[in-house]
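In the two complexes below, chain A is the common chain; its partner is chain B in one and chain C in the other.
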Partner chain A sequence: MVIRSGLRTFQKGNETVDYQAIYSGGNGEVYALGVVPHSHIAVVAYSLEDGEIIKQISVEAPWLSNIQASCVVIGQGMLMCVDSPTVSLYMLDLHVQSQMTQIPLQSLGLEIASGFRPILVSTQPNPARQPLSEFFLQLGPEHYLLLQLNNGQIVTLRDFKPAILVAFATSGEKTVAAVMSPKNKTACSLNLFSAETGRRLLDTTLTFNMAPNGGKPEKLYVQAYLKKDDSVGYRVMVQTEDHTLTFIQQPGRVMWIREEALSDVVTMEMVDLPLTGTQAELEGEFGKKADGLMSMVLKRLSSQLILLQAWITHLWKLFYDARKPRSQVKNEVTIENLSRDEFNLQKMMVMVTASGKLFGIDSKTGSILWRHYLDNIPSNAAFKLMVQRTTAHFPHPPQCTLLIKDKDTGLATLHVFNPIFGKTSQVTSPALPQPILQSLMLPLMDQDYAKVLLLVDDQYKVSAFPSTKNVLQQLQEMASSIFFYLVDSSQGRLSGYRLRTDLSTELIWEVVIPTEIQKIVSVKGKRPNEHVHSQGRVMGDRSVLYKYLNPNLLAVVTESTDMHQERSFVGILLIDGVTGRVIHEAVQRRAKGPVHVVHSENWVVYEYWSTKSRRNEFSVIELYEGMELYNSTVFSSLDRPHAPQVLQQSYIFPSSISTMEATLTEKGITSRHLLIGLPSGGILSMPKMFLDPRRPEIVSEQSREENLIPYAPELPIRTEWFINYNQTVSRVRGIYTAPSGLESTCLVVAYGLDIYQTRVYPSKQFDVLKDDYDYMLISSVLLALFFATMISKRLAEVKLLNRAWR
Partner chain B sequence: MASPGGQGGGGALSTRGGGGARRMKWALELSLGNTRSRDRQGGQGDVVYPIGYSEKPVPDTSIQETDKNLVEKRCWDVALGPLKQIPMNLFIMYMSGNTISIFPIMMVCMMAWRPIQALMSLSATFKLLESSSQQWLQGLVYLIGNLLGSALAIYKCQSMGLLPTHSSDWLAFIEPPQRMEIMGGGMVL
Partner chain C sequence: MLQKAEVPLLWACLQAVLVVALGFTDMDPGPGVGVSTQPNGDRFKIEGRAIVPGIKTQDWVSAARVLVEGEEYVGFLRTDGSFAVNDVPSGSYVVEIISPNYRFEPVRVDITSKGKMRARLVNYIKTSEVIRQPYPLQIRATGPHSYFMKRETWGWTDFLMNPMVMMMVLPLLIIVLLPKVVNTNDPEMRKEMEQSMNMLNPNPELPDVSELMTKLFSGSKGSSKAGSSSKGTRPAAKRR
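Our next item is the complex of A and B:
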């Protein structure tokens, strides 16, 4: 018979017993312990042979609310609980089950630190035998006591003050207690003590060095073993607040470190690496003011000379490296020798994790180059990471800003840091006394080339960061064309505001979607660095269908509140963020979330579960302006009298999806692929050609000209589209794409439980020479032909001259 | 250049057979030294013909009196030349088809280049036509023929789809429009 542990509620009269723990001493009985908070403890004893209930009693305990937090079982079935309001220990013999004996802590000469909730730690090395009679009682944040229950009396074996963490460990017949106590500001020392006597074991000191930007130790796991001379050796795994696991062996050697915070990445950005010294100098030279013709010429000559030198050394190094055998060429990446490579394919990934730890990871090797722990992160926090200044403006250092908002209080803090080195920036972040609603980054730059960040607080006033005079002046000039939108999904309200010159805002538009019927699930705009290369699509008769490229368009996805399969629906709303005009509205009936949306260029792709046909479906909406452009030079949302044409089509997808994102390149010439994370662990790169609303059902000459795939309702999953071949990326939570220096290449990072980084080539590598390009053959043929031409020219001249003279 | 002693006449050659004397190419002896009698001897025994003189009768290459009609005919041939090319070009065009591959492109290039070249050397043709009486008319016909030939080449380009007549040809030059408003925001954090 299986006895289920954990929470199990029983209805008994008008009380519900919450069963929270199970204890077995190995003598044929299993006890299930439950509590009715602030009333009594219910103990049910089962027989191990047949599962019959042997006895069932309840013991008065008006002070107890939670067994798991305050009680442990020690010794021969004694339930020991600690209660801080009454400052005493309570003892109950589970076999006898009469009454709880109260032992005031004062009688033992102990007292609890103010405001601290005491904790008991016990150990049962063998589940089929009784637990140890020794246990730890934590009375203060750094105060532990080793107590022993001896014939009904509690005896203090040893007092540990200061001690950060304790843990029991057993090997063979010996049980030891490991106690971690602080040594100095950056290191702690661990010692082993015998559990029976509390005596310290000799030669068992271990030092644990805390990382300067890491958190404090949170939990201790000890693995003890018996050495040949019967003494106890041990290795310890320390879990720190920043979710790092460190495995240490005596006397302090770190065997491995695992950054488990990386399994919980919230958001990330990819930042270009800085230029090399020579490149940066060149950039710097040409940016400075001109101070005379002669000096400019000399500067240019000197920079050319430096470049030539650098190039020759680079060639020599290449040649030298090529002659050395592969294994000896070491390419260790350290933070000092990081510089941008030729095609900008290696970037720095800045990752923000839910535990508040920031990582800087090199995208080529995956090695963690820097880490930083923010130790005042509230438990319910929202993060937003923005790149304010890239590495393109030497000598100003690159700057990233992390906005951390406490969802409970609404207050926010800004953490400004250098993404290449991870160090906190010298720039002072503004004090934010009011709760912050949202932030937006403007393309305006101050004189240090840092983009301006606007923060909107709950009084709908705006503060700028950096707030120099230059920036404020620019803001005042441009205030009438800065708009922002806020979406409150609990009230179902979308509102648009415009900035005034005194940095307050005025409400411009409001769209209310009643929450009784539908709930706003997500709002997606377009990525700001997206560049669309062609303004229209070429039709079969060589005319152009112009795209409706509205950079202020928002795709709002709503889900119905009625979850019944016949009545649930998913709504898509395309709203212009500046004017609030609803450009297009669509409802997908008998559909359910979770809905994944990608909004880019002039299309919106969304995926939902169709309850009617019980399958996953994709739908794509594309917006077109028509056969002629309304205004080809300037786009203003305020001047758009004509509604766009909307084309929509839906398809069936054979699998559910975890997440979706579109590829992105610098100039937008490469065709787009949709990266779809599947729950099976694969990442699919589907060409956008398949999700085209102009796909015809009946094939005509024109559609063949346009290379449109004939419409078929099923979307294929071809195995050659998987970008992670046979490796699985578990539980993909998000995919991030970034452009690289090459137009054909897009950098992709999928994060979730695992992190996977790769490059995708949606149009194959059209701008890169093939690997087997025969430089030697071509150059030798060229040279040979050149010389042959010269020689034969000379010979022909001589022959002509000779003939003329004959 | 043959040495002058090789010709007839007593001639004065420095050819001394044997005797070990050096043969000098350019030396010329006008006196009768070691003469050998040849077939052609002038009337008198020791007349030396000057260099290059020969007694053979030379064919008469003087310009003859041209027939007026012949000139006209010739000029008209020149003028109507391009027009005569056109039917052949039409046929070649029809055969090469409308796809874009190396043969049609070659044909089109040839068809286009010839009239253009002819138009560029129009002044030389006019000079050729100088002697006729209707030179202006002929010149005009020549010009029109060449223009028709180039028009034919352009028509062929058009039917192959090479001319940028449709809006899709200018699509690549359209710049993305400039944004007038800046927008940002999102769901309340």
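Our next item is the complex of A and C:
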């Protein structure tokens, strides 16, 4: 076996030998194989006993660039390489020879499929023994040959065509070759062959059913074992393109499936479930355009009837389930019985993974309800997931749009799907021939209640999706008030544009941040679904400090290009996205990234590393309008003459952080918490109260009345604040928050290597009774009071009567 | 530093709809350069041992890890609780043991460019302060993590000892019980009381038992409330 490992590169003379592989046949010598690309192979033999170099040879190989990709060791230390331009095999005996023997494939009667780089596969069953002299040669995408090296001669044992994948496996003294060949469109069959002879072994067929919307098999791992009758049995693990591992036993029973793609979630959304499962099923039928008034009325009536029916069955089920003990109630969630709960706590988590596989996961149980693999995803793709239509518009199915963009070319494609079932939508997505610079979701809706997605291409032309007449008309009316911004971090340029009625754009502002000094690392706007309940804060003296709630505010974070400890800095710019006005600018000297930012309501919280004091620091900026509002009914960026008051404070945080997000609730009444993913695997829920720039250094009567915590430089990390307790979440990459139907409750999903979903109650559960709520006590007190009033009433009557008689 | 293009404010539309959509993350995240690393400086090893008193090491080491400066360098613990983090360049690092069940204090380890090691207490506020710790590190758990807050329980004693309840119940008792204890029907007693009242109050027109009572109660209330009374009265005064 050739052990592939990252060996050091040695400089020798003026050429670099890149050591790429080591090999040992178990006879006391270890060979290190290195290559000088397009020149020669360097072989160094070491003695296993004392590590001394036994010999060093250099072999001419001007055609070779990479040993790992094109060479294997077979038999008694024969290095076998394949080269596609010369269409030949090269052989080198590591023990004796110093010259490579060329064997043209034509002399063996073989041909390489055009444009295919042939690949060699060998096996060394025991690391202390020599590799087998049999090996596979792949000549085409579906063409393998089992070859044998016999006394310096290459013999073809068997030709496999078509064959997708091959693998060797050894059990005891027997080595077998497993070959996977396509059976039909949805299944592959596996067979075992004797490695020495190439004969097919009887009763070793195994069928592998490929999942619909799944990827093709990519790798094969075989575990062979000897049965009692000395025949070979086996189990296989198949790795598919969508990063799924499937372990199969003969004759095709799936033992387990692991979705490894889920360890690399890029972006996600939570979508409300439909009211009932049946409703969701009917959506398809009702989604089509109605033709007449009468039929529309009928459809509406019938849909209402169906809803009523579903509701009654739901009630019946509730009643029926309530009588059964809790353990017996089956809580298996399938797509059919998926329905929203009373408080909308159960949602569908739509997850987009880097491999291009989409998942629909039930947030209550964590079970995967649908999966969909997208082919042809570029390896450096960026994803953006948007919910175009929620489940609220009943006859129309919910609709999600995934924008997939190749980072190099900028070319993008759209994948439109139903987030509840994962099915690709019937809606034809537009072809996008130009690179896309920016995408924005407008609050406008077309007649089918789908939000309009605008795509800006590199010619600064805008296209809309969906682009019906209705949408274009609405766009024309609204064009003068649609603004957007573009970020070009390579040139340090932030620019704002306005939409014209003919869907072309017009540059209105530009901010250039010189790239020689600093670079833009992130631009954060506010979340569009965020609600702010109160416009101001009541101060200790009963006056109101109004918040500066600019929905168009952007937080731009810059880092210095000079990474020297003394001169590095982190900057933050608050820019109005419509006018380009710089609202505030702050610089943290002797600080560096990575900077984590949360931008919400009227505040921005960011975290950076202070190189001066070698610690993590949090800084919070809050913006206030002052004691009176300029225009309390509507906010316009174009009409705000007064600059906001800016308050800022910084704190020390005693840990580094992985990611940060703020909680989100339906109405924004609940106080906010910051959710911080720590490297220790904990998710900290820190009250925003601790990050308040108005925390006073000297406590006064007024600050106490406002419930301000006195300033302390270090923020505490309390273990009571860990929302995941002792269940650590490894390498958190992102935290997603979504509001639930309860104002007190915010749904949190943390994703990284693990996925963790929970609920948080930033202001405690003020709208829900506790689990251990004492119904007995309350009812007994009420009853007691009732009887007490009855008795006292009676007594009072008696007393009155007695007094009257007196 | 910033050049701003002129903003034509011609359109006076009131409501500007700007869809703040986060652009595709075209920007590369900053290079993940950690603690000042010299390109060809020597690499060192941080060694130590973690101890949880009273607990067998095999029960907790599997879930524990050693983090050097966040996740910059990660180490694992051996079955005896010892650890070594290799390949660390010179610099100053915070070494912490993380475990889902036990709490450990972090330690700052300074490594000079010659490989001299020093351990000291982490003090984020006075960063230059040196309180030496043993090296190789000896990190002792300070106790188990407490993830849960104790839920408030409800009991009769809690209810009765509540200051509000005390304030309500005591005066009630006094009002109900006092007239029964002191027999007001006895003419001698009444006379005696009136006399004492007159003694207390030089003004003979005002004294009234009930008024005195209420005065007394409001006085006792005020003293028990202390801080909160000012809260109640002041804004009211303002409104007037």
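Side notes on the structure shown:
What we mean here is this: the second predicted complex is superposed on the first by the 718 of 806 C-alpha atoms of A that agree within 3 Å, B and C clash if a C-alpha of one lies under 4 Å from a C-alpha of the other, contacts with A are read in each partner's own complex, and residues count from 1 in each chain.
Simple rule for what comes next: a contact is a pair of C-beta atoms (placed from the backbone, for glycine too) under 8 Å apart; a residue touches a chain by one contact, two chains touch by 3 or more.
Computed from a prediction, not measured in an experiment: that's the story for all the values here.
Contacts of A:563 after superposition: chain C is touched, whereas chain B is not reached. Contact with chain C, but none with chain B, is seen for A:580 once the two complexes are overlaid on the shared chain. Of the two partner chains placed by the overlay, chain B and chain C both lie in contact with A:405. Once the two complexes are overlaid on the shared chain, A:442 sits against chain B and chain C alike.
Within the superposed three-chain arrangement, the count of touched residues of chain A is higher for C, of the candidates chain B and chain C.
With both structures placed on the common chain, the touch criterion links A:523 to chain B and to chain C. Of the two partner chains placed by superposition, only chain B is touched by A:532; chain C is not.
Of the two partner chains placed around the shared chain by superposition, neither chain B nor chain C is touched by A:182. By the touch criterion stated above, A:693 is placed in contact with neither chain B nor chain C. By the document's definition of touching, neither partner reaches A:140: not chain B, not chain C. Taken together, the two structures place residues 382, 384, 405, 407, 436-443, 454, 478, 481-489, 520, 522-523, 525, 542, 551-552, 577-578, 634-638 of chain A in contact with chain B in one case and with chain C in the other. Of all residues in chain A, those touching chain C in their complex are 382, 384, 405, 407, 436-443, 454, 478, 480-490, 507-514, 517, 519-526, 528, 542, 551-552, 554, 559, 563, 565, 577-582, 592-595, 613-615, 634-639, 652, 654-656, 658, 679-681, 705, 713-714, 719-720, 722, 725-728, 731, 770, 772, 774, 777. By the touch criterion given at the top, residues 1-5, 7-9, 11-33, 36, 63, 67, 69-71, 92, 96, 98, 100-101, 103, 106, 122, 124-125, 127, 145-149, 151, 154, 231, 235, 238 of chain C touch chain A in their complex.
Contact residues on chain A toward chain B in their complex (touch as defined above): 382, 384, 403, 405, 407, 412, 436-443, 454, 456, 478, 481-489, 520, 522-523, 525, 531-532, 534-536, 538-539, 542-544, 549, 551-552, 577-578, 629, 631-638. Of all the residues in chain B, the ones that touch chain A in their complex are 161, 166-169, 171-172, 174-189.
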